[in-house]
Amino acid sequence: MINVGIIGAGRIGQVHMKSIMTGVPQAKVLAVADPYMKPEVAAWLENAGVEKITKDYREILDDPRIDAVLICASTDQHAPLSIEAIRAGKHVFCEKPVDHSLERIEEVKAALEASPKKIKYQVGFNRRFDHNYRAIRKAVEDGKIGKVEFIRISSRDPEPPSPAYVAVSGGIFLDMMIHDLDMLRYLSGDEVEEVTAYGANLVDPEIGKAGDVDTVVISAKLKSGALAAIDGCRKAVYGYDQRGEVFGSKGCITSSNDAANNTVLSTADGIISEKPLWFFLERYMGAYQEEIRSFIDCIVNDTEPEAGIEAGLISVKLAIACKKSMDEHRAVRIDEIK
Amino acid sequence: MINVGIIGAGRIGQVHMKSIMTGVPQAKVLAVADPYMKPEVAAWLENAGVEKITKDYREILDDPRIDAVLICASTDQHAPLSIEAIRAGKHVFCEKPVDHSLERIEEVKAALEASPKKIKYQVGFNRRFDHNYRAIRKAVEDGKIGKVEFIRISSRDPEPPSPAYVAVSGGIFLDMMIHDLDMLRYLSGDEVEEVTAYGANLVDPEIGKAGDVDTVVISAKLKSGALAAIDGCRKAVYGYDQRGEVFGSKGCITSSNDAANNTVLSTADGIISEKPLWFFLERYMGAYQEEIRSFIDCIVNDTEPEAGIEAGLISVKLAIACKKSMDEHRAVRIDEIK
Amino acid sequence: MINVGIIGAGRIGQVHMKSIMTGVPQAKVLAVADPYMKPEVAAWLENAGVEKITKDYREILDDPRIDAVLICASTDQHAPLSIEAIRAGKHVFCEKPVDHSLERIEEVKAALEASPKKIKYQVGFNRRFDHNYRAIRKAVEDGKIGKVEFIRISSRDPEPPSPAYVAVSGGIFLDMMIHDLDMLRYLSGDEVEEVTAYGANLVDPEIGKAGDVDTVVISAKLKSGALAAIDGCRKAVYGYDQRGEVFGSKGCITSSNDAANNTVLSTADGIISEKPLWFFLERYMGAYQEEIRSFIDCIVNDTEPEAGIEAGLISVKLAIACKKSMDEHRAVRIDEIK
Amino acid sequence: MINVGIIGAGRIGQVHMKSIMTGVPQAKVLAVADPYMKPEVAAWLENAGVEKITKDYREILDDPRIDAVLICASTDQHAPLSIEAIRAGKHVFCEKPVDHSLERIEEVKAALEASPKKIKYQVGFNRRFDHNYRAIRKAVEDGKIGKVEFIRISSRDPEPPSPAYVAVSGGIFLDMMIHDLDMLRYLSGDEVEEVTAYGANLVDPEIGKAGDVDTVVISAKLKSGALAAIDGCRKAVYGYDQRGEVFGSKGCITSSNDAANNTVLSTADGIISEKPLWFFLERYMGAYQEEIRSFIDCIVNDTEPEAGIEAGLISVKLAIACKKSMDEHRAVRIDEIK
């Protein structure tokens, strides 16, 4: 039995809590820390048998019974909490991105390398655990499509975040497209060599005023020579649009969106099927559960996490390169980004 | 908090146990009874915090703390256990069918009517809680397709049961098609007036030797005048095929199968998508959880179960009428069946 | 070059005229006869190079240059014109049904047998030449689905005919379902042994007053033991609904409707695709061309038409058996129908 | 009646000949010229009633009865023949591209402007007449998706041309992607401001030796601010992959491929549907007919061709800009291309 502490009891912290309760029998949440915990959340945790409910995350790091911590605090806390947790000898699951700054991610990496204990460190790239993306990945790995020649990812949120959020988000590449940049590596099994990005402010002028764009297209060249295109938008009125495609010498595999049900209504107005599941909590609920199950499995079976500190580091490099390409209006090689 | 006892710790009893553990926070399984409980099941239940693990279901019925029982024993035990549980003042969730004999179902009904306490009695027609069938039902109720004119249900299992099972199953109509006959009522919101059934032994000669058929088509006339067709087969090599369609004056709503993922692989051999989920445990896992959640809600909020003793009784009448039609080679009115 | 005469210059006669002009280079329409030919049709035919445009079909039958006639007159004229044409030594393509009376079809058959010249006689079962139905048939023939166990056909017109037409149509089974009954034989490659039919008057009370029904379901048992279900309706508000399915020991093949284009529109209201092509002229235009091309090929290459007098005869028997089953409220064996 | 002369009796010239014969009643092919005409083609044309079959295109341009010419010769002949035909006062339908050189297209444009007679000049961008692309365009024009924000086009041929063809093709952008670049303008109703292109030689090393690439991705910024991505490949083993998508503030419209039929085969190996139609002659046969019908309509009704000399000019500019971007490894503004 792996004893878990959760730092941060907001939306995503609660999701992980539920995943462990309902789907990870080898783990038990012993403690949850959040300085601003809502009373109803505290009540729910207590009722669910969480032993220690606290404002102070140090009570988790100092508890020798706790094997692993889930870092679900705000992004600026990810790196320092990671480092503290690593130094406390805890296995760490950290929400993405590890940080907006490469230097700070390198510090986490250094802490991992310096740790006398072999720490499992997993970054919250939930899409790697999604049924559709995993099926694409498996088909690619199994050689079903031959040599990879082109990868396409479409990624559209149903509604934009508030301008206030946008202002502190690090920008669309670090905040939103980072998932898709990680998917590009995951689906292709390859590394990105160069990117070119275009951005536009089409959805909401407030996003532009906050210094960001809301619609982007990224084209990329991978190490193997394969090409790629990613398009992203902060708002798709029909719901969360999450599709991938990998094309190769022997075929092509494509995923379409998931809907709440598989019914089709035929009327005089047209043939109407269900819209995609609304947003990430609906769409990726299974993936959230699966990533935590996988993290605990890594600890139990002493295997490597699927998305470790390197994935966390490279994805941020890619996002920074995209931003640089858009700003400087030129192709940017990833090895330019230090 | 509703305290629950489960009678029968086989496959379906375990499914309901898990549903309550992971998805029904208002209920708690206090006791599980099974005279032939496997040691590993007992260990799992104990670990999950089940207080009383016993061979004797009477320990459940006699426990005044227990509010509701789930009857997951073999079919021949459904009716007598239902009656005992009702007399003990417990709310009852009973797996389908309540019994193969109308008389014995009537006895359960009489027990319910005689009970001084208002008992909630729900029959395990899980498909009423399936996302696809519910979406069809909702569209019909919302008038999206106008007046119902025709209903079609296709129901194919991926693999036939053993001839030994077939011999005691009550026959394909009572064992398998009963779900689809209940769906006919559920999707249409109407009652069946008359049925004609054809059966054939095409899948496995052993099923024929056991006195049963494995492939059937049922046509029906409903009270409203609408017509219906149901086809069933014990074996579809591509997996569990579960589709419904309701056609009416303003349109048509159709459900297709669920698959493990929404990917499509295009190769020189064709455009290939995933097969349906393999069988009922995969396909209806969500529905199993939902039916138990709904049962507990009925108790908590004092509402009527969606599928009560009447649904249990009528579905058996319909199955008997189908059998009679096939055997006597003629249309059979449901009011012939007493 | 096969010289063709067309008897009847209504809608379907014009369709066949166009098919020959644009897609059957081995044939040439030499003459068209219609006692009520519209002036604009006559002008079009003249412009298209038709040599003889006449009120009197005898001018076609008497013309020794003419090899083949297409009988596109009203149904009551099909049999007598067929016999006259056969006696005149012409190959005959006759619109369906050959007649509503078995006796008169037998007379046509007798004329064919009595003819000193080997006459090619094809009945206008256009769906046998449709790309979707042909693909199903081919998969069945190629053994892709193994031994046939169940066939389903859904057949819904977009709008009902006028009550005046219904009154002289011979009823829904002979007028509309005859196509589907022929499809049942074509798709299965089997013969029907017994049918049970239900009918209802749900679409338009005027159809009921004209003595007909507008919604039917037919269940059937085939010689091989396979079962079948056909549903039909005179009105589907979303357009012409024409789907088939053959299920067997190794799989299942299903056809869906054709639409004017393959686009999907995703909006806040839902995911909307195109409705089926509106009616038979849109849906089966390719099949109409293909059946004439095939008829001419039979003459040129001296092969047997795919749908000859026997198909014409059996389909009428099946329609009569369905009507009898509905009227007498019982299963009807096809060998009862003489 | 519009009298037509066809210059070039190769594959595409024959396609246009058939379109006029079978689907454009207002036009008649009076003459066909080709210095290398195959005897069987000449025989077919003669049989089809073409009056003048010649080696010398001047016999067409000099014939005062001829209203319009279709230029189906090799690409290097497009511009000079266009200019001669314009000077001869003929309406011109010219296969794409008008030329690989902007100067020569400008010369054609100048000839058009200098012509005393108002000449209809249409470039063979057949996809503008395809049912799927037209449906997308119409949805965009009708405001169904709101303001355009992103366009995506996937364009993959089933098999690469020979290296010999590649060597004289002008390169993938001018030879193949020019269609997609034109589609970008057509679907969006907008102009391209800037492109960035990546190319790779992944399909066939011989193509690389011939100095070309076979796999490309183009990203673009449009005048309105909308973004776009086009991917292209010379070889998709599953057939001709031609899909478009336009995303906007109110929704998204997507087209999928056409197949030979709409059947789905379900077996133990998977759920298998038909591959896309093999290549452009199968996929765009309807569009080829429609473009000629539309060209003749423009002459008859004195309206503007949908794709005139300007579309021909701009598409070549776009292709040149893509090539320049790939070669110089930078974003290229279209107004750089003179």
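So that you can tell them apart, the chains are marked A, B, C and D in the order they are listed, and the count of residues begins at 1 in each.
Operating definition for what follows: contacts are C-beta pairs under 8 Å (C-beta built on N, C-alpha and C of every residue); 3 or more make two chains touch, one makes a residue touch a chain.
Owing to the predicted nature of the structure, the values given are computational and were not obtained by experimental measurement.
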Joint neighbours (chain A and chain D) are B, C
When A-B and A-C are ranked by contacting C-beta pairs, first place goes to A-B
So, in whole Å, the Cα centroid of chain B is separated from that of chain C by 42
Chain-centre distance (mean CA atoms) for chain A and chain C, in whole Å, is 58
Per the C-alpha centroid definition, the whole-Å distance linking chain A and chain B comes out as 39
Among chain C residues, those touching two or more other chains are 236-238, 241, 250-252, 266-268, 274
Note: in the complex, chain B contacts chain C through residues 147, 149-150, 152, 154, 156, 196, 198-203, 215-221, 225-229, 231, 233, 235-238, 241, 247, 249-252, 329-331
Given the complex, residues on chain B that touch chain D span 236-238, 241, 259, 266-275
Residue set of chain C touching chain D in the complex reads 21-23, 131-132, 134-136, 139, 144-145, 250-258, 260-268, 274
